[in-house]
């Protein structure tokens, strides 16, 4: 008899366990693999990461300009920053001309940091001027213009109206690569790297009006919302959160065999352990729930 | 008048906004752009005054009434005033009248020369394309020929050592902007570079706070998963199972060793997820349209408040 | 162990811990961090608005127009809103100033004017956008064509998607009681919705964990330096 | 019961409207369809066989004519025929140019498109391997000439000159026709239901459980003597969800005034704050309790997303509201707030149209309005006939789209008529 009471309290106790116990477990599960990381196999998703990779691979010779709308904020940096970096690496490897802009002011610092990082990676390896990545020839950083709808629509008409000067205050039309790039019509793709629905804004405005391809690098949160757009062909490929970024890093590194830091891959071991922990917790929660219910049923009978 | 004038104005602006989408005339677009990009922004800027007034009033009342935890209201008010003072008078990057970049000039060593700039913005121009935009008339000076005026502070120590020291400091402190030293090839900021312009406050206070708030989601999510993911009924069960499979599909280990997980996850995303999201989107689209029409036609007047 | 010496790193680390401490319970450290955060965030947004809206859109045009009038005398050019220097922007400024009337009880109703025209414009442009991206595009995408049926399984699933979309829409149909034949259909619809939400939840887990990992990497690597 | 209610009310009219709506949709979309699907600006058009032109047209002063190095041009190479036209029904400043290539002929390495400005100078527009291009940024109503050079290694052949052609802006953008039709149909239904409501026809709306809970939740706050916290979303006024939320706020405040419960409403957007404050103040006034309105109850917090969440969390743990409403547009901060609210033991009712945040509200809140239930809420709560009329219109609009989905699919499968491109907006 006393035994039964004991069991009941165990299940009930487990079900009503203090949140803080869960928090501590989660913290441990996250911290330990950060201090002692391990390697993991990565499988590339075909419709999302691979599709985007292929789209960049198949960039037409003419029209080989891409607009990167880098709208990452410090909060989503762990997911979006590696995407931006590997997308930049890929486009620079393919010698695609990159125009970058931010729709929010607090993205400027991170976007600039990503450029500096990738450009110095390339320039440290480069032996000839052709191999170097040179500002104005290979990329320009347009900077920021609020509110978002202004550059999104304005770039379809004339880039120079929206951004007469680039982020560094240079006249934009003096940049060598801008002689052939006037609006969306001279670009092949927009890559919108954002934590919110901005890629959809690009679809709704830039694509609807000017018919340009749009692709997205998004946090894993919004991935499910973007699937309808992926299916309807409005989005050409997509990078899904840290996992997608790790996949893209892998694709780019395998294709071009560079040895740079793979930032998304570093976090993947802690990712896996935490996922497993959550899954175990869900199972445990349900086992407790069912045991408790069975117990109650039995007592009820 | 008090109710109708705002309603008429709303209607007129709505008609304009709606029509300008369908009209291809250049002149219409120019006016529309002006309205959207300038005039409405100017109008909206005044609302911020109201907002700030409300915030300050809220905390003043708290302090006056000595409500619970009133002392903390001082933290908000003081930090609000200090940060807006720094921002308004120092500029976003500390380039305005308030000299919020302590430490003076910014140095850039390039091609065996060291250039001095008044601020980072100026340096940015140089950095953008060094071969083109160096304006010798600006404060650009090759060294060591005329070190005297702006760089005299550094006369004491050898400039080269100074640069190297700063480079190592900067590396450790993770200072972002690049100043390339010809000696080390490393970033070269100031040694005693204590910048408190608003961008620094942003990076030093807002970013860590914001990312930590965001990161707390991981904990909340785990606790929600543990407490709420119970197979109470069919709906909860379906939610649980689908979340479970998708989570498994996210783990490289699981997709590599458990056959079918990846395919199942993909199926969930492609079929039921897509169908339901599509349904929700169509519904939400129509709901939004209906709400917009309600407001434009003056059927929904909650925003006007009650009588008067 | 290679602990950071930089002021801002310490500052960030302390704030990080202060906010994480809220998970344990509300405490003075969190309260300070929260109030500081709110204050500085407001200060930051004031600065941004000032330098992005107030200076370039209000002060500069007026000052420039004043200079122009002083130099060349008055001309209609300074009233043209398309010019960089113009007095026309006084008009929207006056409309915006009506927000302030809220503090004057007698004419406080005038605050509805700027609200009304802002709402009017934005609600109106949202209508075509909702139809286009939210409705017509999705409608177009859900139509099953003969080409999609060429292969059995993909074709089968497209039909399933179509039927499930219909079921979801029927669940959100408010005009009829969900009974009779509609009941199982709407139940099926809500099941699909729940699977979709499960998928969203499952996908989000990864994103949130990434963020927490980002913070811990900061604490252990950049601040304490225990990880190389 | 319900279909029946409508049938006895204005059913005939409704169904006629729906049918005519579908017919309209089909009929009006057809003629404008070419605009909707045509003009693939980058696709090469290879069907039209261009006529061979043997002699290259001589250039003029700006670009000297190339001495034709005939031997290097591969035999059978044909000159492109250039077709230039104004881009139809656009906003102007663009001219579309095509020079179809005959697939059976030798393909040049590249084409150079040149444009003659009104002052007579020729300048290169682009060098491309495609056979079409859209010149943008040209002034409207100015005449231009175009020609194309086909490059074969060192050699080149220059086409006939096309033009004069001018770019124009058009009054109506026919590519937007599907939206116009959709709006027309929707407004038609809307007007019919509003009229029905005005005539006093009883409009049935089924139970929405999340909204039935509102009353009980506020009642609970009364019993506990604790405040009600209302979060009007974290977006700006441009989001329709925010407007929907503000409409619900009015209904919630009406009930709190009635029960004499304190309301707390922190805001993230200054304009939303202004409106929310007006709504609360006026609702107090219209319920006959203007004195009870506390100006400090609706306040502006901070525009930063997570600072707002931090502030709201603080309010939750310190003021311990009995009931919390989350209505409107939310992003990631949704769970931060709703989990904290759940930990304080408050009853939580959430409603958002953001699919990404809905699962979190479902797991951490007691009741959740999913998607468009948020938009239905103000009509449902107020029971005002006109609002219910729009809710009905929304429903029947949905019905039309559902019928379209099925009919179009059947047409596409059975008769192979794919009408889906007519729905696309250009």
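Going by the order they are written in, the chains are A, B, C and D; count residues from 1 in each one.
We adopt the following convention: a residue touches a chain if its C-beta (ideal position, glycine included) is under 8 Å from a C-beta of that chain, and two chains touch if they have at least 3 such contacts.
The structure presented is a predicted model; accordingly, all values stated were derived computationally and were not measured.
Note on connectivity: the fewest steps through touching chains from chain A to chain D is 1. Comparing chain pairs B-C and A-B, the larger number of C-beta contacts belongs to B-C. Chain centroids computed from C-alpha atoms place C closest to the centre of all protein C-alpha atoms shown.
Separation between the centroids of chain B and chain C, computed from CA atoms only, is 11 Å.
For this pair, chain C with chain D, the centres built from the Cα atoms lie 15 Å apart. Each chain gets a centre from the mean of its Cα atoms; for chain B and chain D, those two points are 25 Å apart. Residues of chain B in contact with two or more other chains: 21-22, 36, 41, 44, 47-48, 50, 52, 55, 69, 92, 202-203, 206-207, 209-211, 213-214, 216-219, 221, 223, 225, 229, 239-240, 243-244, 247, 250, 269-270, 273-274, 277-278, 280-284, 286, 288-289, 291-293, 295, 303-304, 308.
Counting partner chains per residue, chain C shows two or more touched chains at residues 19, 22-23, 31, 33-34, 37-38, 41-42, 44-45, 48, 99, 102, 112, 115, 118-119, 122-123, 126-128, 130-133, 135, 137-142, 162, 165-166, 169, 172, 193, 196-201, 203-206, 208-209, 211-212, 214. Across the assembly, chain A contributes 19, 23, 26-27, 30, 75-77, 105, 208, 220-221, 223-225, 228, 231, 243, 271, 274-275, 278 as residues in contact with two or more other chains. Looking at the complex, you find that chain C touches chain B at residues 4-9, 11-13, 15-16, 19-20, 22-23, 31-51, 53-54, 57-58, 81-82, 89, 91-93, 95-100, 102-103, 109, 112-128, 130-131, 133-135, 138-139, 141-142, 157, 160-169, 171-172, 189-206, 208-209, 211-212, 214-215, 218, 222. Residues 2-3, 5-7, 9-18, 20-22, 30, 34-36, 38-50, 52-53, 55, 69, 72-73, 75-88, 91-92, 172-174, 194, 198, 200-219, 221, 225, 234-236, 238-247, 249-250, 265, 268-286, 288-289, 291-293, 295-296, 303-304, 308 of chain B are the ones that touch chain C when the two sit in their complex. The touching residues of chain B, counted against chain A in their complex, run 33, 36-37, 41, 92, 121, 124-125, 127-129, 132-133, 176, 178, 199, 202-203, 206-207, 210-211, 213-214, 218-219, 221-223, 225-227, 229-232, 240, 243-244, 247-248, 250-253, 255-256, 262, 266, 269-270, 273-274, 277-278, 281. Against chain D, the residues of chain B that register as touching in their complex are 21-26, 29, 44, 47-48, 50-52, 54-55, 57-58, 61, 68-69, 206, 209-210, 213-214, 216-217, 220-221, 223-225, 228-229, 239, 243, 277, 280-284, 286-295, 299-300, 302-308. Residue ranges on chain A touching chain B, taken from their complex, read 17, 19, 22-23, 25-27, 30, 40-43, 45, 47, 73-77, 105-106, 109, 112-113, 116, 120, 134-136, 147, 149-150, 154, 166-170, 174-175, 220, 223-225, 227-228, 231, 243, 268, 271-272, 274-279, 281-282, 284-286, 289-290.
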